[in-house]
Amino acid sequence: MFAYLLKRLGLVVPIALAVSAVCFSLVYLAPGDPLSAIVPSDASQELIETLKKEYGLDKPIPVQYAIWLGRASVGDLGTSIATGRPVASEIGKAIGNTLVLAFAATLVGFTLGAVFGTIAGYFNGSWVDKAVSALSVAGVSVPHYWLGMVLVIVFSVILGWLPAMGAGPGGSGEWRWDAEHLKHIILPAITLSVIPTGIITRTVRALVADVLSKEFVTALVAKGLSQAAVFFHVVKNVAPTALAVMGVQLGYLMGGSILVETVFSWPGTGFLLNTAIFQRDIPLLQGTILVLAMFFVALNLIVDIVQTGLDPRIRRA
Amino acid sequence: MSSADLSTRADVPLLQVRELVKRFPLKGGMFQRGGVVHAVDGVSFAVEAGETLGIVGESGCGKSTTARLLMHLISPDDGRVLLEGREVGPSRARNEGGTPGGLTLNELRRRMQMVFQDSFASLNPRLTIETSIAFGPGVHGTPEREANARAQDLLRKVGLDPARFAGRYPHELSGGQRQRVNIARALALEPKIVILDEAVSALDKSVEAQVLNLLLDLKADFGLTYVFISHDLNVVQYVSDRVMVMYLGKIVEIGPVGRIYADAAHPYTRALLSAMPTMDPAHRTAAPPLAGDPPNPIDPPSGCRFRTRCPFAEEVCAAREPPLTATEAGHRVACHMAHAGSGHSKAPPLAAAA
Amino acid sequence: MSAVTIDGGGPVVEAPTKTQGYWTGVARRLRRDKVAMACALVLLLILLAAIFAPLVAPVDPAKGSILKRLMPIGTPGHLLGTDELGRDMLSRLIFGGRLSLMMGIAPVFFALLIGSLLGIVSGFVGGRVNTAIMRTVDVFFAFPSVLLAVAISGALGAGIANAMLALTIVFIPPIARVAESVTTQVRSLDYVEAARASGAGGWTIIRVHILGNVLGPIFVYATSLVSVSMILAAGLSFLGLGTKPPEAEWGLMLNTLRTAIYTQPWVAALPGLMIFAVSISFNLLSDGLRSAMDVQR
């Protein structure tokens, strides 16, 4: 098992490196000098050269990458061009907010998905099943940024129950699990949870239906096992995969929250990314993408290992 | 259409196999030691024109790998395959006994064909039966109309009315019908020798009998030679002229069907045969003839590979591997008990001198 | 020549000689699927409306008047209201369909071409080539798709072409992976081995035996990606990375109408409704297609 862990970790390293290379090189995709965003067009050549040196842009690209990577691995992601503050601290503030939101959305999604999916799986083939299936298809088909807008229309504009934007009093820095803040998180979390709900519902439904149809369950019931015990069995068999899917969804939400964060002006990494793009703030852009991508890779790795650990078939092989 | 368009030399066996070896390396990893599976380990035999050689053995003994090696669907690590005295291989320089040149793979394909076990997986579900059969000739340059005509002719010969079956798809046929199609396809290239790898094993018994009879009729009509691989001893007895028994990648016994089934020399063969269920209540098997599971093909036992399950195993069996030697004309066995002077307590005494 | 009887013996009921092909069967099953057919109809209507937009739209989508801004649904002359610059919503929605549909479908189409080629070749050749190609593909799987789309699009700069390029890049890896997986499965089937045994060469085998059996599943998978592509494309425009004003496109319209949710909420929500309708229709149609293809076997 330990050997497997090592091997798995070993596989991650080249991927992580490749990911970081992609993150770094993204900014060089665009035509034009990365410097053009901060330099006035009539700047003297001297000024340009000085700036280039300061940002290290005069060195060849692979060297720049190596320097950047070296600094990044100790936590120095450079300085934001727009705000002048260290990129790492900007991201640090924002990622907390995104984590909170993503976590809340995953929790909602997982709970709803598990409940709906289990019900649909138990009543496989009935109208309940079909209704749930229809709902989950709708869930994965809806543009969530639009749904966010609709929810804001209904609950903020028309009903006035919930705030339309922001993370609550205290701005981006301080999050607390209190009523004021919770009011702010409800709409974005529900919006963000729609897609994972759809996916988890589908997954759980398929798994539950599959387990229930297996012969060993029929055999257990024939032996007089109570419904509750059967349910426990179902949960035991479905839980590992469902949890794995949830873990992966969490990763997706972390990386893909930009749209919802924009709708609700939620001060998270997605919002940060948006700002970075429009201000062509290269260090911030590179840093944010890197952190988000690494998070996703790490999460996948954890899910993979936990799943392997839980699955007795693989453990005993 | 003739099956003798190429000069068949009467003095050379149609198919000769010499010391065929195939090893599969295993990826060393978390859950398996790295190692090598000796799937086929030094196998030599010959098949005469017009006969049926049956190959039997348990799962994992190397029969299917041997079949694929003969067909050159996988390439051997060592050893040679000669068809009509010509060696199969890319080099035309090497040859045997003066026959000009070796056999390219393309030429091999025209002479040796194979029928697989899974009748459904053997046919492309998107193609009609006729197209599937005509594919082979088409690849070798036969114009489409002629290939289709040949396909229909073959369908008739395997008992399927072309008017009703040519345009059908595999999923519309029963297992037995599909296997007939597979046989027709194998015959489309007019081969001299057909390898049947568990070709009837997946069929219901009644259907199996019909297909077997079809195979025998076709063999007579087309002058074919068969290599018939199966784990079903009854079927092998029914179709074969000679039988070859394999165990863990080696041949343990080979000889005429009558001799093998009546009085096998190798303890493994005897055990296999005694495991055949019989209808006669007087001959019910009381105890399982073979103990234990087949050993791991990654680490075969030293010396005779069968010794771990053999009731007659002695020291010499672990020390030396028994070679496959003749006991009488046409019958060879790899067992110390059958070889004079091997050192086994049951071996016959050495005949006079040298 | 001995006559050999067919299994079961006895007279067999005459069956028609020319039996249906695989795709005819699929089409037949699909036609019976009411949900899928309804979705196909909806999509067809929207597609036709988009193609014939100049003929179908009541007014010029670019003509607006400040006096008539943000009028509600049902206003005489403007069935679905007007946007923040006084332009007719119905016309803009119809015209918007052109860009939105194109930005959704085109990337998937190109990704299908490139991804299939990569995946099929990789799966057929196997070995080290396969490993090399698939490992490269895996790197892109390390990014959540939204992030990747935004990152590439953001790096390239705003614009329709850049957004479509970004989306194409995002979709190539999943399609390539599916293509490789299916090809590897098919390649190991007996009929491919039988084809090799007949002496056929690599390209012949791919053409005759592999493509026909592989393109189906790949295509179905690609159709399930269209809805994601549409949502992402509109999302990019929503962020300002795709279409630029004053073009009519559903995602961009959602962006510019955002502030209007306080004054004319339901008008502001209309473009998103269109995206939702198209997306869910594609998904249901794709599901129906998958079921129709699955009954085989």
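Which chain is which? They are A, B and C, in the order written, and residues in each are numbered from 1.
Definition applied: a contact is a pair of C-beta atoms (placed from the backbone, for glycine too) under 8 Å apart; a residue touches a chain by one contact, two chains touch by 3 or more.
These figures come from a predicted structure and were not determined experimentally.
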| item | value |
| --- | --- |
| Other chains in touch with both chain A and chain B | C |
| Chain whose Cα centroid lies at the greatest distance from that of chain A | B |
| Per-chain CA centroid nearest to the all-protein CA mean | C |
| Geometric centre distance via CA averages, chain B-chain A, whole Å | 57 |
| Computed distance of Cα centres, chain C from chain A, in Å | 24 |
| Whole-Å gap between the CA centroids of chain B and chain C | 50 |
| Multi-chain contact residues (two or more partners), chain A | none |
| Sequence positions of chain C contacting 2 or more other chains | none |
| Residues of chain C that touch chain A when the two form their complex | 135, 138-140, 142-147, 150-152, 154-157, 227, 231, 234-235, 238-241, 254, 258, 261-262, 265-266, 268-269, 271-273, 275-276, 279-280, 282-284, 287 |
| Chain C residues touching chain B - in the complex, by the definition given at the top | 1-7, 14-15, 17-19, 21-22, 189-191, 193-201, 204, 208-209, 212-213, 296-297 |
| In the complex, chain B residues that touch chain C | 71, 73, 105-106, 109-110, 113-114, 116-118, 121-127, 132, 135-136, 139-140, 157-160, 163-164, 166-169, 171-172, 174, 176-177, 182, 185, 189, 206-207, 210, 213-214, 217, 221 |
| List of chain A residues in touch with chain C within their complex | 14-16, 18-19, 22-23, 26-31, 137-138, 140-143, 145-147, 149-150, 152-153, 157-158, 251-252, 254-256, 258-259, 262-263, 273-274, 276-278, 285, 289, 292-293, 296-297, 300 |
